[in-house]
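Accompanying notes for the structure given below.
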Amino acid sequence: MFFDEGYSGRKYIMADKTYEEAEFVMYGMPMDYTVSFRPGSRFGPNRIREASIGLEEYSVYLNRHLEEIQVHDAGDMLLPFGNAAKSIAMIETYAEQLFKDGKFPVGLGGEHLVSWPVIKAANAAFDNLAIIHIDAHADLREEYEGEVLSHSTPIRKACELLGPENVYSFGIRSGMREEFEYAATSGMHMSKFEVAAPLKEKIEELHGRNVYVTIDIDVLDPAFAPGTGTPEAGGISSKELLEAIHTIAGSSVNVIGCDLVEVLPAYDPSEQTAVAASKFIREMLLGFK
Amino acid sequence: MFFDEGYSGRKYIMADKTYEEAEFVMYGMPMDYTVSFRPGSRFGPNRIREASIGLEEYSVYLNRHLEEIQVHDAGDMLLPFGNAAKSIAMIETYAEQLFKDGKFPVGLGGEHLVSWPVIKAANAAFDNLAIIHIDAHADLREEYEGEVLSHSTPIRKACELLGPENVYSFGIRSGMREEFEYAATSGMHMSKFEVAAPLKEKIEELHGRNVYVTIDIDVLDPAFAPGTGTPEAGGISSKELLEAIHTIAGSSVNVIGCDLVEVLPAYDPSEQTAVAASKFIREMLLGFK
Amino acid sequence: MFFDEGYSGRKYIMADKTYEEAEFVMYGMPMDYTVSFRPGSRFGPNRIREASIGLEEYSVYLNRHLEEIQVHDAGDMLLPFGNAAKSIAMIETYAEQLFKDGKFPVGLGGEHLVSWPVIKAANAAFDNLAIIHIDAHADLREEYEGEVLSHSTPIRKACELLGPENVYSFGIRSGMREEFEYAATSGMHMSKFEVAAPLKEKIEELHGRNVYVTIDIDVLDPAFAPGTGTPEAGGISSKELLEAIHTIAGSSVNVIGCDLVEVLPAYDPSEQTAVAASKFIREMLLGFK
Amino acid sequence: MFFDEGYSGRKYIMADKTYEEAEFVMYGMPMDYTVSFRPGSRFGPNRIREASIGLEEYSVYLNRHLEEIQVHDAGDMLLPFGNAAKSIAMIETYAEQLFKDGKFPVGLGGEHLVSWPVIKAANAAFDNLAIIHIDAHADLREEYEGEVLSHSTPIRKACELLGPENVYSFGIRSGMREEFEYAATSGMHMSKFEVAAPLKEKIEELHGRNVYVTIDIDVLDPAFAPGTGTPEAGGISSKELLEAIHTIAGSSVNVIGCDLVEVLPAYDPSEQTAVAASKFIREMLLGFK
Amino acid sequence: MFFDEGYSGRKYIMADKTYEEAEFVMYGMPMDYTVSFRPGSRFGPNRIREASIGLEEYSVYLNRHLEEIQVHDAGDMLLPFGNAAKSIAMIETYAEQLFKDGKFPVGLGGEHLVSWPVIKAANAAFDNLAIIHIDAHADLREEYEGEVLSHSTPIRKACELLGPENVYSFGIRSGMREEFEYAATSGMHMSKFEVAAPLKEKIEELHGRNVYVTIDIDVLDPAFAPGTGTPEAGGISSKELLEAIHTIAGSSVNVIGCDLVEVLPAYDPSEQTAVAASKFIREMLLGFK
Amino acid sequence: MFFDEGYSGRKYIMADKTYEEAEFVMYGMPMDYTVSFRPGSRFGPNRIREASIGLEEYSVYLNRHLEEIQVHDAGDMLLPFGNAAKSIAMIETYAEQLFKDGKFPVGLGGEHLVSWPVIKAANAAFDNLAIIHIDAHADLREEYEGEVLSHSTPIRKACELLGPENVYSFGIRSGMREEFEYAATSGMHMSKFEVAAPLKEKIEELHGRNVYVTIDIDVLDPAFAPGTGTPEAGGISSKELLEAIHTIAGSSVNVIGCDLVEVLPAYDPSEQTAVAASKFIREMLLGFK
């Protein structure tokens, strides 16, 4: 319904199972039309898939191999360009289906707003849901230039839906004063600048809970991820993000879905952002279930 | 209302008059959210302005100098990202104001859909309006994947509003079969592949009429305009497009406004598309009134 | 045997038929290891496929639509990197199979040497074979630095196999003195610098014959095809190459296979070479059978 | 006098005050003609201004907002290309005026030689002046290929004018043996390789003094600042440079002016150098006064 | 004296003779400091040399081979960066030496101002000198922002030295009104927009005269030469420039030296400008003597 | 025999001694035809040489100057493109000659397979040889898609020749499960992820031994070395690699040769990989003997 039936695009490495066979379902959300700065993350999912052919199928970090898991790559959703409201509704419907079918969704963005409908669907499907949010930006705005459906608002919406105390943000180094005041007073958790160290500490609080993980690639310093929509200097390294993923993987939380967003190939002639992203996806696939 | 009051961005060369003083009003329409392929033409207007600093203010083609005319550069409109319907409405309102104030609009895109509201406003302001449309693509679709507000539809909408017999397309080399059937049967004029030669012939038909000129930069071969959203091999040269502009300038039609759309800087590291576009704008400013 | 069975890469637009259903079989030959200058054309086939998603499925030049033909895209062959002799043997075996199965091969290079084994197989399968060769380079060397399997030798080999009088080269503007002497004295046809005009003249000589068409993208001026291994200034335009393809399509020769080689994406950040190549492929598919 | 009166270029974010209203005056020095390697830093100031539109106006590091300060962006100086001596004289005259008018200069380079005339003017205006110099290169040469006005000499000149004991260099990892010998014996301070840690230690020595801060972006590793004239591997991260700026901001020194030099956009297709530089400028504006 | 004695840089293909052995002396003039827009042509000579390794040593246009001539590549001059006056003086002294030693100078720029001292030296060495100038820009200014040593002035200076009637400009499409008035009234020859056709006509006037040929690569459309300092849309093709060179080569004029200037590699990631320039140089070497 | 006698390419900075005079012999191995992903490292050696002109000749890390040592730069070997077996044999013969003549080889790759024949020659020339291998990839495969001569196999071959206990790998973060099992059980040393810290510890074991050092530039994170064939996120910084080189330089091992491989310029428009590599080469030259 939401995908091109005759789709014949590149798939992520070894993501060759049918929907029915798979425990993980990977899907692209090529939406980038509410961004206020550089668009083009619609091409992120496909560039990540292409970069995956340079990856080993085995992770020496986790001592696991992609042949140990079952992944279906559904391709990119057919979203109506320029119609944010309809796109969000379509993503939510699809995510509901995934959770109903017992699948573990692995979403590829696209702009960060795509996480919001998935979180809504996850909240409907799971009790006691918490969010781990790794990002350079707070994404806690109530609206952007009058639009509530904006790439700057998804985490605020998540706080309002789940209760702020169930949202854990890490690595935040940019936002409006109002966003940081909200973070400080609402009861949500926010770790500024750092990711791996505070996550190691906080992960214990989430023991046994259902957790959705959303990563904005711009949490990395632009040196490590130049191809992104709103690069922000002073970020973390790829090593630290791998450490964070492995911390979650090694913890007692029950991850029920994840996404990686904001890879924008047009600004990255050496393709290092997609190369890194494809590795983070591999580590999440091998570590989160 | 539609522009940032404290706006302090780069202006087009010598476009330093106030709105009140000006006969020409240049304005950017940074909308690129309905495109089906590469987004990013939102940055087109500003890159054209920057490239204009490398231009001479004098045109040896027309033997005219920018100091002979009065141009106001209003900057880029503050459009709501991801909301095509609202953006189109804002552009229409602004264009209505321009025509009411007796200004000659010079629009910088952005995707080609931005021409549609300006054509609507022009049609309301002028009797006997005709359109000269120079483009690689027919843009005659009725809808694109269910959306009527799409970068593939503006010329169809113009045909329906003005009557197809008042629309003249040149240089078309790409479209669906249905679009070319519409062109062949509706009564509109369409010259395939070529621009300068057929325009020289057809311009006589338009003698004395009010004409709006809309140019999609992708009418050029990608060799001359690599930085565009849907490049299409087999196009014309910059020389031929200059010749077309000079043909209109030297004719007896009454040009009442114009635009140049689809400059997309992110795919053009040598900036040749913006460099060429800034020259086409200069020639239109010096030649069209 | 020669392809990855679980292959899940991007396919060319609408090339979604099975091998059995198809009349045309498209296949990539990611070989670039004998080139003396820039390698990387191994990525050409996939970039052409990706660029094809920006194409219309309908050709206004030929008034035909891709849904009127049956195309199978087999993906890229699994060639042993660095082993030219074995790669050439594999391509020959595969081409033999294609001809035996009555398929029309559409090869995507890779370096120009890949055409040689296909020509050998075509010669075995068809009587009265002639070659139309469109290229900037003569490719008539007997060897290159001691290696007979080189990207500089395929047309010489074709001359020796088929007889020089059955080889027609167009657009040649670079080579050693010895190659041009061979062209002048051997009985082959060579048109220097130009393609469309001499081809229109010569095509009559080939009336009713079986013809294999091989196009090196570097026949275009680097302005039109910057992404290639040995760019050579002073070439033809995309328009002229389209005209040449349409001349063959409209003639009375019986094209039995074709290829397009030497697209090298790494040197082409705006992707204009792949964009153009994907269109040439569409025109050959729609025009050659 | 030194600026284009009709100047209408992009301004730094919120730098919209008049000269009279402002406490900070930002100005570009588009000089790059004495560099021995890659020129092009003349475009650095404008690219930093453009990148600033992607910045938040609020700094979570300092809990301050750009609306709390008054900044005038004067644009780029009209320097005579190719005439270093005259350019230096113009900058000095302008800087004298700024100090006389009680302004805090924020200079954007341009090559590092542009700091020299500002330091001269600062020394004339303030007692007890010290320099904090953050750079990969010592810049302590007496001349370069016979020219004393060279991008390799400004810090040597500063040492000679102020006395070496008033110059503090950090992060130095490249230079001639003679420069390091001068550093070791002259009485100046030089910390090799590191910036944040030694600065924290040394800043106490400068308690209460008037300090001019000059930062060469190449103190960053090329991973963080690829767009610069003489990149030097083994540098610091953006995080460490932010830490250094915040150390100065939180100290008891009296910063009286600053500059950031050597941003060279042409070698940085992802614009990460300008993106980072625009953030460093924001932190200096919000932290240094 | 003017070159690095221990110079070990790349040489132009087959330019391996000693100064004494050579009839042609090739030399780079890495000066770009008076340009008003993009600098970086200092790297042009070396990029042309590198690109030459992709060239055939034989020209099928002229049926000549580089082994038939004797070329010395002296490398790049050691010019004092940022000191235009001294650089010009050095070039003049060197050119005087070349002419005195009976050498044919082949200069590689660098900005166009470098042609001026060579023309001065040529005028001193040869009677009855004329200039063939192929360029997009008139270069007839008397000064640029107060500097008489500017990249906009060399042809004006040539007119004043030789008499305007001895200067022939072709392809000019940009300049100030004053420059075109000077061209129209001074007695010099200027062909606007076109090169090959008017040159064929005018070359007869120069029968038997000593001629210096200076080519600014920006006479090409930016499609053919994106890597240049002041690209100007609407130019000629590489084919037309080759035709112009061959027209001079086949004429009865006595070429006594030539140069090719304004190749700027940093804006040309596919290196097509250097690739084309290296071929133009080969054709001038093989055709001009 | 293996080099172009008339070679006139760029040499590494100050590498201007004759073969006879030199203690160090630098040579390029432009082989990249067995790589499975991105080719193009054949241009690595020359880009490193070019980048070296931006380097200081003095190292402040080691307090040594290039004039203290004698280096010959032999240029790039003339390897037969596409013939891996013959290329490997040629490199081995040349390396044997170097060791026989008492030279210290400094090899520039090219793909990593080029290290294998040099290690063979070193093993024949020196008793008690050990290998220090710094890389992201284990390179311990027995074959790759049926080819034993592959860029994935050189360290396995070294283990088999020297005995695994004489091979020390550092920084490894990618490989097949089988490779890591071999590393764990064969007796070789492998430090995962880290380089400088474990090297400091292990270097003592190698006291007094003859050691060959091979560095694959992809041990760096792609942020520091985007221009490489198989980039792998999560790597070390340039600072850490410098620290590793200095650790070896300051130890009691007897380095008898070294190489640096896999620099691939086409994917690195800012040239930061070559810039970094040229510095690592300088530090190895100044520190290893």
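Think of it as A, B, C, D, E and F in the order they're written, each chain with its own count starting at 1.
Assume contacts are C-beta pairs under 8 Å (C-beta built on N, C-alpha and C of every residue); 3 or more make two chains touch, one makes a residue touch a chain.
As the structure is a prediction and not an experimental result, all values here were calculated from the model.
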Those chains that touch subunit F and also touch subunit B are A, C, D, E
Going only between touching chains, how few steps reach subunit F from subunit C? 1
What chains do subunit B and subunit E have as common neighbours? C, D
Using just the Cα atoms, superpose subunit A onto subunit C and tell me the rotation angle to the nearest 5°. 180
From the listed A-C, B-E or D-E, the one duplicating C-F with over half its contact pairs the same is D-E
At the interface of subunit A with subunit D, does the proportion of residue numbers present on both copies reach over half, so same, or stay under half, so different? different
Taking each chain's centre as the mean of its C-alpha atoms, which one ends up farthest from the centre of subunit E? A
Centre-to-centre distance between subunit F and subunit D (centres being mean Cα positions), rounded to whole Å: 38
Report the inter-chain centroid distance for subunit E and subunit F in whole angstrom, where each centroid is the mean of the CA atoms. 42
Centre-to-centre distance between subunit D and subunit C (centres being mean Cα positions), rounded to whole Å: 55
Can you pull out the residues of subunit E that are in contact with at least two other chains? 38, 221, 223-224, 267, 269
Per the touch criterion, the pairs are A-B, A-C, A-D, A-F, B-C, B-D, B-E, C-E, C-F, D-E, D-F, E-F
In the complex formed with subunit A, which residues of subunit D make contact? 53-54, 56-58, 60-61, 63, 65, 221, 223-224, 237-239, 242, 269-272, 275-276, 279-280
Subunit A residues touching subunit D in their complex are 37-38, 172-177, 180, 192-193, 221-224, 226-227, 230-235, 267-269
Within the complex, which stretch of subunit C touches subunit F? 32-36, 38-40, 42-43, 78, 80-84, 144-147, 149-150, 266-267, 269
Of subunit B, residues touching subunit D in the complex: 6, 8-11, 15-16, 46, 50, 73, 269
